[in-house]
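I have placed the structure first, in the form of structure tokens, so that the comments after it can refer back to it.
Each chain gets a letter, A, B, C and D, in the order it is written, and its residues are counted from 1.
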Amino acid sequence: MKTIAKLMASAALCTASMAHAGELEVTHWWTSGGEAAAVAEFAKAFDATGNTWVDGAIAGSGGTARPIIISRILGGDPMGATQLNHGRQAEELIEAGLMTDLTEVAEAEGWKDLVNPSSLLDACTFEGRIYCVPVNIHSWQWIWLSHDAFAKIDTPVPADWNEFAAAAPKLEEAGIVPLAMGQQGWQQNGAFGVMTIAIAGLDAWRKVVVDKDADTARGPEYAAVFEAAVDARTFAANSNVQDWNLATNMVITGKAGAQIMGDWAQGEFQIAGQVAGEDYTCLPGLGVNEILDTGGDAFYFPVIDDEDTKAAQMALASTLISPEVQVAFNLKKGSLPVRGDVDLTAANDCMQKGLDILDAGGIMPSGDMNLTADTQTQIEDLMAEFWTSDMSATDAQERYADIIASAD
Amino acid sequence: MSSSSNARKPSGLFRNLSAKIASVPMVLTALVVFVGGTAWTVLYSFTSSKLLPKTNFVGLDQYERLWSTRRWLISIENLAVYGFFSMIFTLVIGFTLAALLDRKIRGENVFRTIFLYPFALSFVVTGLAWQWILNPDLGVQSVVRSLGWESFTFNPLNDPDIVIYGILIAGLWQGTGLIMVIMLAGLRGIDEDIWKAARVDGIGTVKTYIRVIIPMMRPVFVTALVLIASGIIKIYDLVVAQTNGGPGIASEVPAKYVINYMFRAQNLGQGFAASTMMLVSVIVILIPWAYLEFGGKKRG
Amino acid sequence: MTSVLVKDLTLKFGALTVLDNLNIDIPEGEFLVLLGASGCGKSTLLNCIAGLLDVTDGEIHINDRNVTWEEPSGRGIGMVFQSYALYPQMTVEGNLSFGLKNARMAKAEIKQRVARAAEILQIEPLLHRKPAALSGGQRQRVAIGRALVRDVDVFLFDEPLSNLDAKLRADLRVEIKRLHHNLKNTMIYVTHDQVEAMTLADRIAIMKGGIIQQLDTPTEIYNRPRNKYVAGFIGSPEINFFEGEVEQGTFATGGERFSLEGYAFQGAATAGAAWLGIRPEHIVSGGSAKDLPVTAEVTVDIVEPMGSDTLAWATLAGVPLRIRMDGQAAVSTGDRILIGFDPARASLFDKTTEERL
Amino acid sequence: MVDAVIPRGPKPRPRFSRTNIMLYGTLIVVAAYYALPLYVMIVTSLKGMPEIRIGNIFAPPVEVTYQPWVKAWSEACTGINCEGLSRGFWNSVQILIPSVILSIAIASVNGYALANWKFKGSEVFFTILIVGAFIPYQVMLYPLVIILREMGLYGNIWGLVLVHTIFGMPILTLLFRNYFTSVPEELFKAARVDGAGFWGIYFRIMLPMSLPIFVVAIILQVTGIWNDFLFGVIYTKPADYPMTVQLNNIVNSVQGVKEYNVNMAATLLTGLVPLIIYFASGKLFVRGIAAGAVKG
């Protein structure tokens, strides 16, 4: 096995593209309006260091982009740097020696002390070495509510999931889709995850996702989650969109009452010129259980055997995590910075809420870090099917538990 | 009496040397890519390869998992539905159009050009065009509703139960022209005397087609069938562009499953197992065809 | 002097033997026709001589040189094909000079040879036309010209006239004969048309199943076919066969008994089962018939007038009998006529070996 | 007594017989169905977004605007690359030209060798090749990644060119083999007697004779390669993405609202090359696909 890995690594070395000095191709899948604006900040900062950011945006969700990125790395045509969700996805690539070790830069700059929460850096660490730069903290646990929509039905904007559920029929009557939901597995799975934390609680979630305890997955806590998901499914029945930002757009335009979506949705509100608290409201943990997962994006640097490229990679790594860039990027992206020592006074209402929770230690690890891509895909497929069919809560729960039981 | 020849007896390997050298690309493609690649994939489908191909064999595990995965079953079901209707409609529409065009009509060229142009377009273009036409808020549904039929509902791309038919409409639009052309070529290849004989015998046009012409065109139908079938199994771009498998996983197809598992889910073994199943289904189609086509006339 | 020598030639395609141990010795200047039904191996033999097919065993010598492993172009042959095989994108001149150019011959020499061939074949006005603008006959002349310019000793013709209509075929046949007469090259000519074979050949080789049945002059083949197959193949309308027994100078068949007086047996006359063949044109009817050693009275079943002569069908000894008569013969269906033939003109074949007796 | 019309002269035929009305009626309705998507794409691409939102997709544009076309061609964004489809267009051109030349060159020589210079085993390889045409690409995707990587061609345009050459080989080889087989064998024999060798016969005799089949093959390959999506996604990097892949990216990378007019303009732009070839080549296109298909 190791031989194959080495072979691949050497193949990668031999045929690495000979980029010009200081020119790095960076692949990522940030293509929506808010995301593109945020990534432009990275490019600007990197270009300012005398290097050149060659943008390799890949449209579609991470699901579309990841295979392209990975097959290029494996195929011996690595890019200079790439976005990847950290966690288990990159493990095998690191194992195969295809990723650049960043430990030196990390130690020189003291990332260990900067990065908060430290779990983010842990996810980048493999056998004691650091292989990726976390760039932001994303949390899924948000519901976004449209003030317009609730104004139309003369109902105050709900303060938690239960109030929302109560108001949903009224929204429906007014011809408003209560819950906007892009019909893609990762969104549906994300929403489900959010409801799990809010309804089943962190302990049950941890048992299932971290410890892969199928019995808990079959238990009453999860049963309640699936029941709630069935409700949510009815709320989202008329949501005819696929992409998450189109769903967000429904909330922005008041066509939908709410959307369960990660904090990146905020970027879309911002671009649409909406103000948190005035035009929309965000509730962490569905307003029930104020806890945020600390997933996020990270950048990896595939091994390229060229000194200039290597230097550029290191320069990019330190640029990405530098305080100014963190602020500029995260403000646009709507995510939280990975370092606790930056000034985010410019942050809006929602980000501030997030920062407060973060400071209070209301954090949990992200699902990405605990489930393999394989298991993730299986769950996403299940969710995709569940949300678009009339599968009963018990059936869905049973199948969910089966997947957990066979996860590794 | 005979002087010895100055020509050397060429040894077996160097006979037709130029031809052999010229055939190297073909031989390599056949052996390395087609045979080698296929064998490699089949072999690795018995391993638990994840992101990288590894030789830790796990027997039929990948296949067991494959056949207990909802998404694969849905993919297969979609393929069966799409395949069945695509087969029937493509043949029926293709033949009917060909027969209509064969009635010595005016403007045959114009009609043929219109029926066939979608075939020049890629599946991506086809998928996007139909995605737009079937858009529930702005497309056909809204147009019909605006005409006064308020309750009209035709929203296949967002209804998991009928989404595959939405793809079918686009697929038929793109592919029937080709079959029509093939059928037309077949019809044109039929002896004019057959028509004269049918006329003398007083057999009606439709009846002549059904009882005489279609049986005569058996080889053309078989070819068309194989063509449609092999196209169906490969269906990928259309789904990606039109629905990307959605809503949910309602319009997933095997080819997409393979690529998803190979690259996205980082479970190569599962992807290989799924692609091997696709291969098997092709073989199931090919063998009877090969038997029909070549089995009978081996001595020819 | 031997021009073409085929020695123990065998050709197999897998398990199928197409040519079986053939031996032919063709003297210089001979016009040899390979004749046979389709699939008999005649074209295959020609292709072997040309080097277009690799032999399984045996040798081929041309002009005393062993050319068994030689490329076609190196054998000193010119070849004319049934479909003319003119290169459609080249002019007549281009067609004629292609081979010479491939042999890197000097330009002046090429020009001179093309001119000569064009003159011989009277195709000078056509030199700058493309084959598509030529008639069938003209095309075949060009094809012959292509062999001619090569200035070789051996010409191979592969059914060159089969694609032409009857009249043109007759015309070109004469021209080929004249060509041979003038050039005196060795020519090997494949055909399935016995008229061509008879008219052109110095010798004919009749082939069947990859084996030469008889190699002889046309007269010999016509008059003294070596076996029943050759007898049946040559001659139109076909020879009449009677199955019977040879007994003491007579041939007994279906209740009739023909005298064999004057028949030249190959060896001693032996008794036994045999075939008797007599050509329709050797059956005499009317007044002169009664003087012949064999006579019979038959009823005419059908009459086929063909202008120059008339073919009458009757039944003798239980088998259908073809009788060739003069075109003016006044005979009609139902007539009873007297016929007769001279056994010296008949052929006898052994029943089992089918060899000439 | 009724005067019976004596049948004489041409048989009277009603100009609009029921059969004819049915026949043309059906054809016109079906033709409308086939033509509709193209029409809808064109009118949509010429409308402004407000008009699209309120209007009917079948209605012709009230106010014609070419802005969506300009935007699709040179301004539409994927990520922070806002060069529009033009980049994909040039990538496709760069992929297309070598792919078409290489695949046809190789396949025509293959077909020629198979038709005229059979050697031991040549038919076996050919059979494998033809059977290979039916193997789902998915089976060979990953092995090809490995092969290209070992050759150092993975991720660049030449790798994709090779992939197109490989997967175009079965059908093209078949096309050329059948064509060369239909060339009278005697012509080939005559050329051998005239002393031409393998390449001599190919270049001097066969090639000039087979221009039509080359045109057919070119049409087949240009449309096929231009329309490819799968290989473009898997074997190239974003900078080299062919037009189809970029189209999918542009349409699917939504920023704010979906700009249907730009999407349709982009879609049409991508379909333009094969459409032009199709309308320009007419009968040859039909011949091409019929030849490729009927015998396939």
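Throughout what follows, contacts are C-beta pairs under 8 Å (C-beta built on N, C-alpha and C of every residue); 3 or more make two chains touch, one makes a residue touch a chain.
Worth saying up front: this structure is predicted, and the values here are computed from it rather than measured.
Counting hops only between chains that touch, chain A reaches chain C in a minimum of 2. Using the average of C-alpha coordinates as each chain's centre, C ends up farthest from chain B. Two chains share more touching C-beta pairs than any other pair, namely B-D. Averaged C-alpha coordinates put the centre of chain C at 54 Å from the centre of chain D. Averaging Cα coordinates per chain places chain A and chain D 40 Å apart.
If you average the Cα atoms of chain A and of chain B, the two centres end up 38 Å apart.
Multi-chain contact residues of chain B (touching two or more other chains) are listed as 53, 244, 259, 262.
Counting partner chains per residue, chain A has residues 8, 68, 71, 74 touching two or more of them. Shared contact sites, meaning residues of chain C that touch two or more other chains, fall at 71, 74. Every residue of chain A that touches chain B in the complex is listed here, in rising order: 1, 4-5, 8, 63-64, 66-68, 70-71, 74, 89, 92-93, 96, 183-185, 188, 240, 242, 372-374, 376-378, 381-389, 399, 406. Considering their complex, residues 8, 11, 14-15, 17, 25, 27-28, 30-33, 36, 39-40, 43, 54-60, 68, 71-72, 74-77, 79, 243, 245-246, 249, 268, 271-272 of chain A touch chain D.
Taken in their complex, chain D has these residues touching chain B: 23-24, 26-27, 30-31, 33-38, 40-41, 44, 52-53, 56-58, 106, 109-110, 112-114, 117, 119-120, 122, 125-126, 128-129, 131-144, 146-147, 165-166, 169, 173, 197-199, 223, 226-230, 234, 244, 247-248, 251-252, 260, 263-264, 267, 270-271, 274-275, 277-279, 282, 285-286, 289-290, 293-296. Across the complex, chain B meets chain A through its residues 50-56, 65, 69-71, 74, 136-137, 155, 158, 160, 243-250, 259-267, 270.
Those residues of chain D that touch chain C in the complex are listed here as 184, 186-187, 189-196, 200, 204-205, 208-209.
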